[in-house]
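Both of the next two complexes hold chain A, though its partner changes from chain B to chain C.
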Partner chain A sequence: MAALMLRFCCAGRRWTLSCVDGAFRQGRGPLTGSMSSRIRGQRSVAQHSFTTAQKLKKGEREWAAVVGLEIHAQISSNSKLFSGSQVHFAAPPNSLVSFFDASLPGTLPVLNRRCVEAAVMTGLALNCHINKKSLFDRKHYFYADLPAGYQITQQRLPIAVNGSLAYGVCIRSQHSQVANKTVRIKQIQLEQDSGKSLHDDLRAQTLIDLNRAGVGLLEVVLEPDMSCGEEAAMAVRELQLILQALGTSQANMADYEIQRQINELESGGEILNETRSFDYKLGCTVSMRDKEGKQDYRFMPEPNLPPLLLFDSESLPAGADPQQVINIDQLREHLPELPSQTREKLMLQYGLRPEYSFTLLNEVGLLEFFHNVMKDTKAKPHTVTNWVLNRFLGSLKQHSLAVSESPVTPSALAELLDLLDGRAISSSAAKQVFQLLWRSPGKTPAQIVSEQKLELLQDREALEQLCRATLEGHAHVVMDLKKGNPRAINKLIGLVCKAALNRADPTLIKEILERQLSS
Partner chain B sequence: MTFLFSFFSLDHCGSRLGTKTMLGRSLREVSAALKQGQITPTELCQKCLSLIKKTKFLNAYITVSEEVALKQAEESERRYKKGHSLGNLDGIPVAIKDNFSTSGIKTTCASNMLKDYIPPYNATVVQKLLDQGAILMGKTNLDEFAMGSGSTDGAFGPVKNPWSYSKQHKAKRKEKPHAESEDPDWLIAGGSSGGSAAAVSAFTCFAALGSDTGGSTRNPAAHCGVVGFKPSYGLVSRHGLIPLVNSMDVPGILTRCVDDAAIVLGVLAGHDPKDSTTVQDPFKPFTLPTLTDVSKLRVGIPKEYLVPELSREVQSLWSKAADLFESEGAKVIEVSLPHTSYSIVCYHVLCTAEVASNMARFDGLEYGHRCNIDLSTEAMYAATRREGFNDVVRGRILSGNYFLLKENYENYFVKAQKVRRLIANDFVNVFNSGVDVLLTPTTLGEAVPYKEFIKEDNRTRSAQDDIFTQAANMAGLPAVSVPVALSNQGLPVGLQLIGPAFSDQQLLTVARWFEKQIHFPVIQLQEIMDDFSSVSENEKLPSISLKQ
Partner chain C sequence: MWARVARLGRWALVGGHRAFATEVCRGGGRVTAEVIAHLERLALVDFGSREAVARLEKAIAFAERLHAVDTERVEPLESVLEDRCLYLRPDNVVEGNCVEEILQNSHRVVEEYFVAPPGNLSLPEME
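Let's look at the complex of A and B:
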């Protein structure tokens, strides 16, 4: 189940530009604000349409970009949205295809309860109004991997509307500060995924794999409230965390698709300034004006599915079969902790700074790692946070590794921090131990400390002697200190520690030095 | 007006037929014969198969599943021998319209698109029949994808109405006596379930499934002199029925008497987890009660159904039927369904829109016909669909897509849906006013000769012929066509009873009472079925005498 079954992608980024003075407009009118600007309207065709209008300001052109997003998240469910076919990643081609998925004539859709619950939970987590009655529609277009010639979606009356998503963006000017932002959620709709076309250019043929055809998707439509790619990327990341917390979509970060999309979002903003669509299949952007002009999805109510009715505890019909009804209130009661709540708790419990709480959640697996270290160590939360977010995360980034690929286990780090906390080693020795742990994961910190003789020197006399020698050898620093530079003492401590091969406790050294200097 | 139907001592559902006349019996009677061992399932099956061969010229069947049928008959026979019969349908030969999926048996929809298509699964209704031990004789002919009202527009040729060859019709036919030896001026069977109606009418099976979207079961039933029942929408599963208009399609039942239709309905009805539009309420199979007193019955006669195109004969039979109800104590009242006249155009928009959508899946990729053109996917689609669909289907796809265009959707589709609601409300209002059942004609007139029929195009014909039947589909109501009498041409005329939604049992109860009063004559086909002794027996019966 933990496999990367989830594709999570933002198809259809919309950049709408407000033309401030209206004097000059680059003619892409029909697209402005268009919610469904995708040619095919499904997740695999990630089309980013950019509509720009230009504003002339004192003879200078300025572009005001607004980003809206349509995000398609694959619902975590055992079976497809309207059929009993299993959902598995990387199954042999066409091995998970029911008669309905292949659109055999006479087959009918049967709605998967789990997918409806996932949509309701997502709607609740995103502060949406849940429509107690929603409808399904057919969206028509011919495509080889769309067997029925239409996709069942919720165009007219989606399951959830009018929500909001709060997310944080780092302010670059004020290093590591987080600004809170909100983007409105227009709607969340349930829809089917398409199959996959595999183009064999060599033999000029296309192969169709229908394993994915009919898999349930949540389409989350974000209003164009974001002003740059980075904001969009952070909003998407937050949404991803929410979906993962809910378990409604795995939306796995390791998935290339989301990564590609985020990269695209982060880098694309300034470059693209015309109406273009990104064709996932071609791997490049194509102008979408022509297609957009002609494409008419000929939406029609899906006649084979009655309206989807949801209930709350008040409206629940008496004696209703619990298998046949969905109670919104019940789902609300069982909502798991959401990322914003998790961050709140971290800040409250450990006194974490807001930006640290964001980092802990944003890196896949990092929070769990942090908790595991916390569980096993006596070190203070502050120390653990510093080590996890700086040394540990820094090393991962340096080696381009995921948390799960780390050579240092949480328990090893916990043990290391215990040694540090119990003053068995100095902090610089601890850094050394960490590096060695990274290189030889089989060893424990204690082993490394003992092998490398990194324990703190306990011989008071030897330390006194080292201090005395340092004071004598660095008379100018002592002079400096005596002239009133308070920082000079740190330099002396550093010199002693270095002389002690990082095996001295700086606090103790400071105490000895101060005594020797005053005597 | 006085009641002018003549009474006969027995009708074709009666019980006086001898053992030699097995095929002429009703389903219930032949079922009793099987139970009593008067005939074995295999013998019965073989008799039907041999009659199917003899009546091949009717073109009622597209596929005759002889091997499957004989195998099923054998199994049934074993069950009977062990005394483990599965019920009323065990060993009963049935036919299925060729737009119901049958596992391992070709399901063509009378279209080149599906001419070699063999579904891997059974429609729920087919499975239910098989589970009851019914013997599947074959797949019956229709208009391509059920789009038509004559069973003349299929890829495998038109269905011929068995009554074209009946003694009754021949006797009355205004025709040069010598012309008939070549190819008589044969009549259409009605449609689109013409194959099923002809199969039941010609005694090649005891019940057949049709489908009914705008009258496709009731219309051919009326023309072929059999009972055609359209259940309430949502009562019988559509899973496996290749759709025409999903929101109106209902599997239909064609039998030789109302009682048989009730037996089949009892097997087919009920919630199907594979069809979300079937109602959840549990359905209990019923035995039709014998209605003796109709004094509490209120019969509505919709005044809008008295249209100028209605033939005088049908009109006269309609009013006689009303008199019959009245003379037996029922209250007959004129009622109004004010939006009736908008039904045809409304149906046209809704039907073509759904057709455009439903037909989108036939692209030559997963199943069905695929052309040889491989220049591009689009070129392949275009050629496949051009080769696979006839003009009628392509025409409806074109207009449906037009109605669904963004710029037209509000003006056509949404308006048509609103009109549909008004039409449905007309019925609700009438039934709420205390009317139990509506009595109407089924068709404008009797079956016409093929040569006449094809003078008009499919669309014109469908619009004319569906006029009395279509509204019941728009409103999802149960409706049944009961054969009432022969016309001056010796051809059957049917009248329709429509009831409130899910009043199927009550409707059939009334229909059965009605049927018992009128004694519709048995078709006399002895010239083409020389060993079919029931015919000769019935020949002695007086033919219907209508005093007009």
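Let's look at the complex of A and C:
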């Protein structure tokens, strides 16, 4: 059965307390027989357990690695799944806890409508069959941050089943083209989150904060259709983008965390077919075989909650209170644009290649930046894409900046591209200007161009003279060219460019040189 | 015994976990020491004495009489609330913010955190 358990947390301040739950916790985690614990925080990720079948000794039967995933995403809602206490990151400990969350006797769960809508929307976005009737169950295990001794989940009949998630993987061999892959979604279920444990090893005690206890989670179970860590990473990334587009979860998780854990998986080498637990501290997997026997969660129906019934436009009961019914069709109509649809539009509107649209959506804020540049410039989409994805993104990466921290604004880049498009400057001059723009954000491209005197030479006569001078000064290159070396012309063009201090248009130079050479 | 249990549906297996009835039936009415130990660990109860286990066995045997009912083609009752409407609450913050009351019941408290003994298991040695 599946595996990696990754956790998306909502945005907020970084959690600085030491918060490792410890490597092994009986009864933690989504799988029977598996143990996983969590490092909770801003950009943190769960420890996970996974089952893979991997290559045995060479020469024996070939095994294919399969990776399944279970992903828990915290639902973006104001209040918790079954109680009216607030969902908020970084509040004073135990300040967002109601009597129900603390599991005091006499309290009962009351389902939050927003969480159900979030689950249905996610199910629809992932092409799932939405179960018009779903049930809640109790999953029992003992742990200090689970005050009730059980978690309310949807084990028997979850809210959505049998969906699919389409994602792209880079084909390294073919110049970063993108191959489309699909992973089946087994189910999506609603469940409660547990509280947070902080371990004080010095005083041998555990401090419990129940602020997170009872927050709504969406558990998305992916079938083991992925054959390597990279595919798993791309699938999770796509899911992250979908959840963010839907607004059902902020799904913030440091990408490096995914990649790091996936790398661990990939470098696992000879992995025996067993359930293993990933130990975050050790940074490697450890066998769980010698841990205590199978975990039995003793599932039972949640006696305090009737079945959850959903409707569509046909089955909607007449005269029903709109607050008390959820119409799947209505939610479907109002689904926001999904990443795959955004990419389609980009490809149609601007003629972009698939891999470019993937990159544009992958980087936070990059798509918006791109759109803003396109709005303000007359340059062709091809040019804009090239500049945004190569020069702009490259510079961001070089300086480890996010798009929001960029010293170059979309309008500045648009202006620069206009200068280039209008042939006011050469492309090499444009690159120079870009670099200077990066370093002096206050200035406009036009200012930099005039300060650095980078305007294209408009004086044809001067250019002709430069060309003639270069030809005379580099007779051996001319000879080379006459002998038939096609690259010699580029060398000559380069020399003229340099002599012209980057102020000449290479195409024009080539034209002049060729005319001069043939005469 | 497994096949019989499956057909009856009343003791439907949920999530692959074994019903106690099957264990007892297999053992001919006795609950083995293994099962007791397993239960004790899971449910954090202490059966304590042989009498307690015997009482458990009697209770299971009593419930066994349900097998006499023919439930062929009868849908299992999942919830006595199945005819009720599940109330949907609007997503507003209406409770919480009562740290003192929440912490009142706790035997030990450190700076507004509950204090619990460390973990269910001892941690493995790590550097």
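In the analysis below, the second predicted complex is superposed on the first by the 419 of 519 C-alpha atoms of A that agree within 3 Å, B and C clash if a C-alpha of one lies under 4 Å from a C-alpha of the other, contacts with A are read in each partner's own complex, and residues count from 1 in each chain.
In the analysis below, contacts are C-beta pairs under 8 Å (C-beta built on N, C-alpha and C of every residue); 3 or more make two chains touch, one makes a residue touch a chain.
In this text, all values refer to a predicted model and were calculated from it rather than measured experimentally.
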{"item": "A:Ser103 touches, of chain B and chain C: first, second, both or neither?", "value": "first"}
{"item": "Contacts of A:Arg114 with chain B and chain C, given as first, second, both or neither", "value": "second"}
{"item": "Partner chain in contact with A:Arg138 - chain B first, chain C second, else both or neither", "value": "first"}
{"item": "Contacts of A:Leu207 with chain B and chain C, given as first, second, both or neither", "value": "second"}
{"item": "Touched partner set for A:Asp296, first chain B, second chain C, both or neither", "value": "both"}
{"item": "First (chain B), second (chain C), both or neither touched by A:Pro93", "value": "second"}
{"item": "First, second, both or neither for A:Pro306, with chain B first and chain C second", "value": "both"}
{"item": "Chain B versus chain C as contact partner of A:Tyr150, first or second or both or neither", "value": "first"}
{"item": "Superposed model, chain A: greater residue contact from chain B or chain C", "value": "C"}
{"item": "Contact residues common to both interfaces of chain A (with chain B and with chain C)", "value": "99, 102, 104, 110-111, 140, 142, 144, 206, 208, 296-300, 303-306, 324"}
{"item": "Chain B-touching residues of chain A, taken from the complex the two chains share", "value": "99, 102-111, 138, 140, 142, 144, 147-150, 206, 208, 296-300, 303-306, 324"}
{"item": "Contact footprint of chain A on chain B as seen in their complex", "value": "100-101, 107, 109, 114, 117, 119-121, 123, 238-243, 245-247, 273-277, 280, 353-354, 356-357, 359-363, 365-367, 377-378, 381, 401, 404-406, 409, 413"}
{"item": "Touching residues on chain C, where the partner in the complex is chain A", "value": "14-17, 38, 41-44, 78-99, 102-103, 105, 110-121, 123-124, 126"}
{"item": "Touching residues on chain A, where the partner in the complex is chain C", "value": "22-27, 32, 77-79, 83-86, 92-99, 101-102, 104, 110-116, 135, 137, 140, 142-144, 155-156, 197-201, 204-210, 281-282, 286, 291-293, 296-301, 303-309, 323-324, 326"}
